[in-house]
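What follows are several structures.
Across the two complexes that follow, chain A remains constant while its partner is chain B and subsequently chain C.
Up next, the complex of A and B:
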């Protein structure tokens, strides 16, 4: 036992070139954020109470912001995983020649998020490409009558951008799993009379489940906290949390900085809680799937 | 292996220790003659941190300013493009960390950012009175305040900006003549007007002007922050802006995030009126080819807000003499004249016209500002000052609570 412990110590020591910078930069940054949210280590004299910054988070505006961030993250991650897994299966079923051509799905993967945000902006704004096309096709009488897809208060623009970026990501991961699946499973199920949706739900989906769960967590956390897409496509009210933090930290008084840091701290804690909750729920779902 | 790890740890410790190293002993430049400062600036490098979002301004600094300070004083000017909020944050972090030898020599700054730096005691000074051009050409009364916050010689004027609206004279909708008419105008042209979402600089200036206009002028606010007065008057502004709201772009559910977003909406024809804190913005957009030639500027009858922008020197600048010499050069009539030319930048001078030599004054009047630009006489007659930063903050916060929701 003691021998094993010594081994752990040595491993830790050997990992130190990686661990030390990580601890310094990540944990240090986190500690600084927490400290500043409590009023310590600020670049000015702080006079408020210890937990004032956290009390500020209970305003209607802040709660609405959190709700919007949550909504955008859940919808975009959920849609991406649902659509992406079906498409991955579709690509897997293609004849080999076409399967190779399907590589085009990777294009959005190499585009940076900010570029995707611009694409959405150019296509879907009132003076955008889609609106102009609708006008020329006679679908709307003037571009003013084109429905406002972006900036209408429901986060649709951001969801569009995220799903465009994230569906290929899901395909990439799900397809890798399918590559290892025995095609005869599907053939057998079909021969035994399972319909196409039934094959997908009962045979293919359980195979991908583990990866899809991980994918969902990654996508959810990313869209929950990311800055670039909300910066271009975000709503005015409520704003996404990342934008609220940016405004509080950079564009307001110094006295608002603890509040910005309190939001970041809460976002971090929520992310941890979410991972814990999700993995628990996902684990409980697994045995039930097996029984069926 | 162990040796390697030990060596690595040692290097890491050294690096960490190196970060906390303090700079060499400092000369007290505030008690030196200007000639000695100029002497010390010779053959040095000045790192100028400035907003880098305009190719034209960057070009002017890189060519004209850099060449002049090299020829006149032997100074190498290095422009570092960065948003003001970012370098101010960097400076405040350095201040909090006790870093005494910083990388920034000169800053382009004003308003809330200046206030932030002063509150954190992160600026060098008072140095303004050391500079000959400040003594000779600057209107001290004007330069004494920056958004109502006393400058106390911790920054020197660099240029003037004034708020103008823009419209396209080729479109049918025309433009309102005053804030009092704006409501009628938006009712007639629903969805064709909006303003950038405060705390965007331009959007914030827009609501400030509306605040002046609906509460009876700016004079009452010049005495500094008065909370009772604000609480009495602000509801009139919220009522005014909420009346406009249903007729704004996106029915007021969303506002353009910043003035660049509004520029795009205007250029693409989604809205009919744009606004800018730079009187020559329309002209430079026309020259750039993003606006049609028919775009013109106008101001509201109730007045148009103006401010000065400044340069300042961080408390830990490693080349303070060089920074002072460059700041002094930027205030020279030659530099200000070159800056006024729309082909170079098109920024209005920060100097007192009456203090200039005759030939300089004439040269400034002779500069062609372009068809859409209002003359200095029109702008000067309508100019209303900025008010204390507390008002600005209270207005931005109140807007969020009363109008945005």
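Up next, the complex of A and C:
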């Protein structure tokens, strides 16, 4: 018993370079956010009720903001995983010399999110490259007639930026999985008469499924909570939750800080719930993946 | 002729892997292509399956293979879909053809019944033995009514004691389903057991193609003969001491020689190795050391023996 305890102690000691910052920064930050959302440890005298900040979240503005965040995160993560997995399969099927050239897909990975946001602005704003090209091609009579892709209230600009950045991330992970797949599986499926879509859906996709689920969770949670792209490409009403938090914390009254912290606490709890729900549903939907 | 290969040549990076391979397969026939590793057997199979194109030559089928009657290649590793049950694996080809569910179920269960796998229908490939996986792979190919079934090294992943049994099973299955089958293998005994005709590939060339016995007893040259099994090359004094018949240079297989204890015999047993259903003797005779298979009392190292080429095998043992 004492040996086991000593072993656990040694393991914790070895992990301490990771655990200590995590405990101080993450858990500490989380505890502070929860405390401030309940009116404790605030830099001013708090006179409200313990759950007033949470009650504030039930306003229409806040609910719309949450709905937009959810929508942008689901669509951008879903699109990225869907397109990325198909492209990864396409790259995997290329002849070897072209497969090496396809490394260009990694370029968006090294760009910071802020740079991607600017790229989307440059291309898709009313005065951007695409509208100018459409005007010169005669597709629109004037640049003003070009449809509002950005800031039109549907989060399309953010979705474009996220998918541009996240598709290569999906390719990177899915391609690594495909490199371990036996190409004869695809050959056999084709020989047995399966069409390309059927080969992809019934043979290739199940092989990538576990990785794609993880990828979706990572991308969803990032898009759900990120700040930089919504700051540049998001609308103000409704804004993404991260922008609402920023505004409440930095741009309004000190008294709004508990509400900002309540949003952050709810976002964290929702993220945990989402991971639990998604993995549970994915596990039930996915047939038993077996290795030969 | 059901299938014809004419002058097939395939090069990888300028190096020929197959050279001018020509042979025919009749409908319903079971053909095995044998040869040492790297001889070009699998390349030939890939050409016939349409996975690669020949640099020269042509493949001709009586009727062009279609989606309804395809050419199916069963890979050496069976390549079962790991995320599907045995039933789903076998049903995969039928589902790709949009056949009615009840029909798929009937046909799949018929095949699984035949292969003795009906009780494994809901199991996954990793829950099966090597032999069972192979049967699923063959069943998955047969259920789509193939024009031709190609088997790549069907015995490579099986235990030694299962190989012959599997060869007999493949032969029986091929006859039952009546599907024209071509396999490539380097397991000679199994190839002889299950094949109507055998082709011998060496260094990318089909050096011999014919009935199993003809290939075994009348190999085209010494190299082919040696690949097909142990061989004694007899000439001069050694040949005179074992036979009154042929002269010159004769190649004789160990099992084509008879060994009897003889106090005045010209041979001496130098070595005896027990090998199960026979004993392998090394016999010094006429200045040569030859190998003879046999069994019998008194056949021990040091014993004097006489050796004779068995009459019925003289011609067939001659190169």
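Note that the second predicted complex is superposed on the first by the 281 of 292 C-alpha atoms of A that agree within 3 Å, B and C clash if a C-alpha of one lies under 4 Å from a C-alpha of the other, contacts with A are read in each partner's own complex, and residues count from 1 in each chain.
Criterion: a residue touches a chain if its C-beta (ideal position, glycine included) is under 8 Å from a C-beta of that chain, and two chains touch if they have at least 3 such contacts.
Nothing here was measured: the structure is a model prediction, and the numbers come from that model.
By the document's definition of touching, of the two partners only chain C reaches A:187; chain B does not. In the superposition on chain A, A:93 makes contact with neither chain B nor chain C.
Of the two partner chains, chain C is the only one that A:195 touches; chain B does not reach it. Once chain A of one complex is fitted onto chain A of the other, the partner contacts of A:61 are limited to chain B, with no touch recorded for chain C.
Legend: residue contacts after superposition of the two complexes on their common chain; A:20 is shown touching chain B, with no touch to chain C. Greater residue coverage of chain A by touch, when chain B is weighed against chain C, goes to B.
In the superposition on chain A, A:203 contacts chain C only, with no contact to chain B.
Listing the residues of chain C that touch chain A in their complex gives 49, 51, 67, 70-73, 75, 77, 79-84, 92-93, 96-97, 124-127, 133, 140-141, 144. The touching residues of chain A, counted against chain C in their complex, run 182, 184-185, 187-189, 191-195, 198, 202-203, 206-207, 287-292. Residue ranges of chain A in contact with chain B, taken from their complex: 13-14, 16-17, 20, 41-44, 60-61, 125-127, 143-144, 148, 151-153, 231-232, 234-237, 247, 249-254. Considering their complex, residues 1, 5, 8-9, 12, 85-86, 89, 92-93, 95-96, 112, 116, 119-120, 122, 191, 197, 199-200, 250, 253-255, 257, 265, 268-270, 393, 396, 400-401, 404-405 of chain B touch chain A.
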